[in-house]
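The next part holds the structures, each set out as structure tokens.
Below are two complexes that have subunit A in common, paired first with subunit B and then with subunit C.
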Partner chain A sequence: MSAVLAGMPKTDMSKAVAPAMTKAIAPSRGGRPWTFYVLATLFASYVIALYGPMFCIYILSFQDIRGGLVFPMKGHSLHWFVDLFTQVRTGDVKGSFDRSIKLAVIVTIITVVVSFLAGLGFRRRFRGDTFVFYMTIGSLVAPGLVLGLGTGLLFQALGLNASWYTSALGAQLSWTLPFGVLVMFAVMSRFNHVWEEAAYDLGASRWQSIWLVMIPVLAPGLVAVALFGFTLSYDEFARSLQTAGSLNTLPLEIWSMTLNVTSPSLYALGTVTTIVSFIVIGASLGAIVLIQKKRGSAAKG
Partner chain B sequence: MKSDRGDIELAGVCKSFDGVTNVVDGVNLKIADSAYCCFIGPSGCGKTTILRMIAGHEDPTAGEIVIGGQNVVGLAPVQRRTAMMFQSYALFPHLTVRENIAFALRVRGQSKTDRLRAADAMIEKVRLTQFADRLPAQLSGGQQQRVALARAAITEPRVLLLDEPLSALDEQLRVQMRQELRRMQRELGITFIHVTHTQLEAIALADLVVVMEQGKIKQAGAAREVYARPHDRYVAEFMGGQNVLSGRVEKVNGASFVLGQAAPSGIEVPLQARSTVTVGDNVDIAVRRDDVALVRPGRDLPPGCTTSLPSRVLAIEYQGYFVKVMLDTVPDDEFVAYVPEKTFFADPFTVGDVVMATWATDSALPLA
Partner chain C sequence: MQPNPNPSRANLAGWLYVSPLVLVLVPFFVAPILVVLAASFFATDGFGGLTPGFTFSNYIEVLNAALTFKLYLATMKFTMLTWVFTLIIGFCVAYFLVFHVRNQLLAIGLFLLCTVPFWTSNIIRMISWIPLLGKEGLINQALLATGIIRQPLEVLLFSDLAVVIAYVHQLTIFMIVPIFNSMARIDKKLIEAAIDTGASRLDIMRLIVVPMSKSGIALGTIFVVSIVMGDFFVVKVMSGGGSASVVSAFYEDVGVLQYPTAAASAVLLTLVLVAIVSLILRTVDIRQEITR
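Right, the complex of A and B next:
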């Protein structure tokens, strides 16, 4: 503020010119504006609110055998991680983890393929395209728990057994497909239609133009869709609750553990699942970077 | 046997996208083999649509497109043996220069070594050897254009179609790449069809200039013919370099007629073979801007000049080798004289001066 006042016009213009010049070059000589500190505080509290609870879990999972469910921290060891995979009473962690990963992979594949095809289909307008689009993303609005319940009821009415690879798969797709399609639209909007035309002009068949031009150009976007599909499925709870049948997925297993496991091995499970998530995200980002790097290095020759 | 000739004939070609208005409206045109043909017109005149129909990216609503004696309507670009260079070049962003150029051979199933060898030969032809492993994004506009040209030419098409190929380049590069296009056309010995909206580009390059307006051809001919002897007011004004005047015919005497105009004595115009005029007709005439001479009032007119129009100088622009003098000769139309630099500065005018605009009578051209 004082800097601004100092730069205010003085009656003698010839003297005022020089200080005015320095002011224009360094307008923030008086430090950052107060709004910076307000926004910085706001952001810091946001980050704490976002990651604080998770870090409580991670920290508490590294206690030793005396450990409890609340602070303060009692010793430090990997005891509860061992406990997690060896003790039967903690539940079927390994089995549910396997199922969740398999389910997430299936969901990812279906989501990527269907979203890509939808992206191809929606490049041009067609009769009823708006209706089809809203029908596709409509299920995002439906409450997951209700949708899962409905799926379970429908399977029962049809005399089918609910299981993680049938009813839960369908219920999860109702969640991942709309997301995948929306992301795909954003990805597709950056694809220049002229590239396809050029491929056709050079003699490429439809299949060749998809395989040699579209997919490579869109590859980073397709990885993003896959990442969406995987993470949405891997931690899906509401829709799976009534549709997974007798065998639990990992989120369901964790939930049931919160009801009957009273040791930090629950926290150890939280830490392990987070690590898996980060590995998947890291692998995806790595793939995108690799694709771009490959293009970059090919470019340098 | 497939013909290798690249002569093109358009017969009654129409195109309508909505079934109501014809974007291309009954176009008839013959383009000789190995010609350089430029389509020119304002945006929306249908020139790009014609190009895309010849290329096989658009089907005509009516009419025939014949290349080398074969009607190609309904055939894919590969079967037509045409290739197109797109306006923004449409280079594949994920492929290197070499892979871009080899793409057409790749989709034809050629082995990797064969197609890369062919691509390298083509890269040399367009002088891009040191950039062969770069991606399109790492090239300048001119280099990208050469890649696009090489990619289109590698399949040895008989017709190459260029959609505003120079519009993405800056002025200096445009002139340079223009030369290169012409050189490539001679080297390849194939028909080039080039769409542009720049008059200078068209007349500098083309053997055949086709001027279009609203889906119709207004005039097609050699560059010099279209520029110097425009058919009508539209072509004269669009190609530029002409002053267009209009008036009523007052008198017809033998080989010339007199147009009533601002000038007290009227404007004498030689009667051309193609125009028959009668007294009372409204006629447009064109006078080249560089044929107009400016004389101070009271001085003698140069030999051969019978018409002189009193005018006031509105503006003067120095253009280097000539000076552009804008005059108020005609009430509502532009009237411009291109005066050679040396002539102008021997006796320079200033804005507001009154001058007599005159020209050799036989250089006035009646328009259709």
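Right, the complex of A and C next:
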């Protein structure tokens, strides 16, 4: 998704390829092969199965006080949202929400900066680059719970207190950075080095070329990295479990709610946290589209 | 990749750029793994205290337990089932988007539609199956209403079926994205040439599309396999405690402070995972795949 996000509307495929493609797979403009209908049905079912259940819980979270965990809807009200933020028995939702947002912002900033620098570094081969690369992949595929336990034990052994802004921050970075680096790989592979060389030819220093040329050109890709950083941190669970210390992040709060709470306030929490995710996703995608559009019109005008 | 005019300066510059990454990954990936490795050889007092030492007893205990074999079997079962379904669905969705959707912008829009849930909470997406699959859930209600069944089906939720559904629901995106990327790079002239020389649609699929999507499939497989094998949450919640996997047993061990046995089991799992991933990596150079 990174590669597509990074070079969204203006891919070189769009002009040159589309006519050939239609010719090859769908022989005539009007008629479609039967596989089109089969695959279209499958695609539609996939999307319905992807979103359907989520929308069920959003709808069910708006029930009134009689509400249960399944359909049919029993009345409609905001009761469970109020319940969520006022009741003690549902835990410290407000506090954990607050912490999760703060943590996600910190993780996003670090992820963008570190991934960008690593992306610059990996453009050229250097001794040991393969080692660093596989370390990054390893950090991605390692079981989160095991890494979390290791981090927790490490802090214990060093006599440090585990908390969300130290050990959990590090544990989450071990999850978001590999994604950030992979996205940067895709973004960098589309970066035309001519831009950078032109900057050098015009007498730019290394930092000027990065600051004035690369960052503006790569901006959509960096927004994509930020999107990954924020959402992956905000929803991270397995690695935070053993490292967050005494104060929960939001996913940990949801996890404890799944074990004790059997009321629609669980769904209400799901609705609230998904709205936050959707806002972040929408803002990021919007920003990318906006940058691309601005560029398109600048290029034309 | 560009050639280096001056190797030692390039090395230094390269390391300078990746040093922040290394500075995060060493304490939060390499060190924790080493800690778990060390803990797997320690003795325990049974109350969470660790006695530094060197003993294989944790490994012997894990390997001798009849449960271990069952856990690995269950984990493998979930992994295989999830892999098969995510691969089939992922391949079809990617193929549809790349080769059947004529409008490029629409294809990207539909692709993003598939990816949006990836950026939302996994836990919430899993819980959201409860109103559907539960004993009084929508599917049972519908089946009862149409008279297909008389008793509500109990196997829908809190069963192995529910576990696999939740996995496929969450992980198909990890197949779609890399396969989509490989397919989108297939030069359409190649397919045209194949048609001009008389290839059938099946031939095109068999000789061009599938082989050229292999790297995407391999990449997706690494994601799906490593996530399913490392998961405990889905298995715990969706099976209702009825099933267990290697990591969910690990979680229980940690819960009762049996760190060394848990660590030994984690080391074994990591070895299995590394073996599988390196087998897959022999068929594809992911670094080249990503940078290309």
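Convention: the second predicted complex is superposed on the first by the 256 of 301 C-alpha atoms of A that agree within 3 Å, B and C clash if a C-alpha of one lies under 4 Å from a C-alpha of the other, contacts with A are read in each partner's own complex, and residues count from 1 in each chain.
One rule holds in what follows: a contact is a pair of C-beta atoms (placed from the backbone, for glycine too) under 8 Å apart; a residue touches a chain by one contact, two chains touch by 3 or more.
Owing to the predicted nature of the structure, the values given are computational and were not obtained by experimental measurement.
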Does subunit B (first) or subunit C (second) touch A:L212, or do both, or does neither?
first
Should A:V82 be classified as contacting the first partner (subunit B), the second (subunit C), both, or neither?
neither
If you stack the two complexes on chain A, which partner ends up touching A:W195: first (subunit B), second (subunit C), both, or neither?
first
By residue count, is subunit A touched more by subunit B or by subunit C?
C
Classify the contacts of A:L117 with the two partner chains as first (subunit B alone), second (subunit C alone), both, or neither.
second
So, A:G203: does it touch subunit B (first), subunit C (second), both, or neither?
first
With both complexes overlaid on chain A, does A:L69 touch subunit B (first), subunit C (second), both or neither?
second
How about subunit A: which of its residues touch subunit B in the complex?
192, 194-195, 197-205, 208, 212-213, 216-217, 219, 295-296, 298-301
Residues of subunit B touching subunit A in their complex?
55-57, 76-78, 83-84, 86, 88, 90-94, 96, 103-104, 106-108, 132-135, 138, 151-152, 155
Could you pull out which subunit A residues touch subunit C in their complex?
1, 3-5, 8-9, 11, 13-14, 17-18, 20-26, 32-33, 35-36, 39-40, 42-43, 46-47, 49-54, 56-57, 60, 69-71, 110, 113-115, 117-118, 120-130, 132-133, 135-151, 153-154, 157, 170-171, 173-174, 177, 181-182, 185-186, 188-189, 193, 227-228, 231, 234-235, 237-238, 242, 251, 254-255, 258, 266-267, 269-270, 273-274, 277-278, 280-281, 285
Going by the contact rule set out above, which residues of subunit C touch subunit A in the complex?
1-2, 4, 7, 10-11, 13-18, 20-22, 24-25, 27-36, 39, 89, 92-93, 95-97, 99-100, 102-105, 108, 110-125, 127-132, 134, 136-138, 141, 169, 172, 177, 180-181, 184, 188-189, 191-192, 195, 201, 204, 222-223, 226, 229-233, 237, 247, 250-251, 254, 259, 262-263, 266, 269-270, 273, 277, 286-287, 290-292
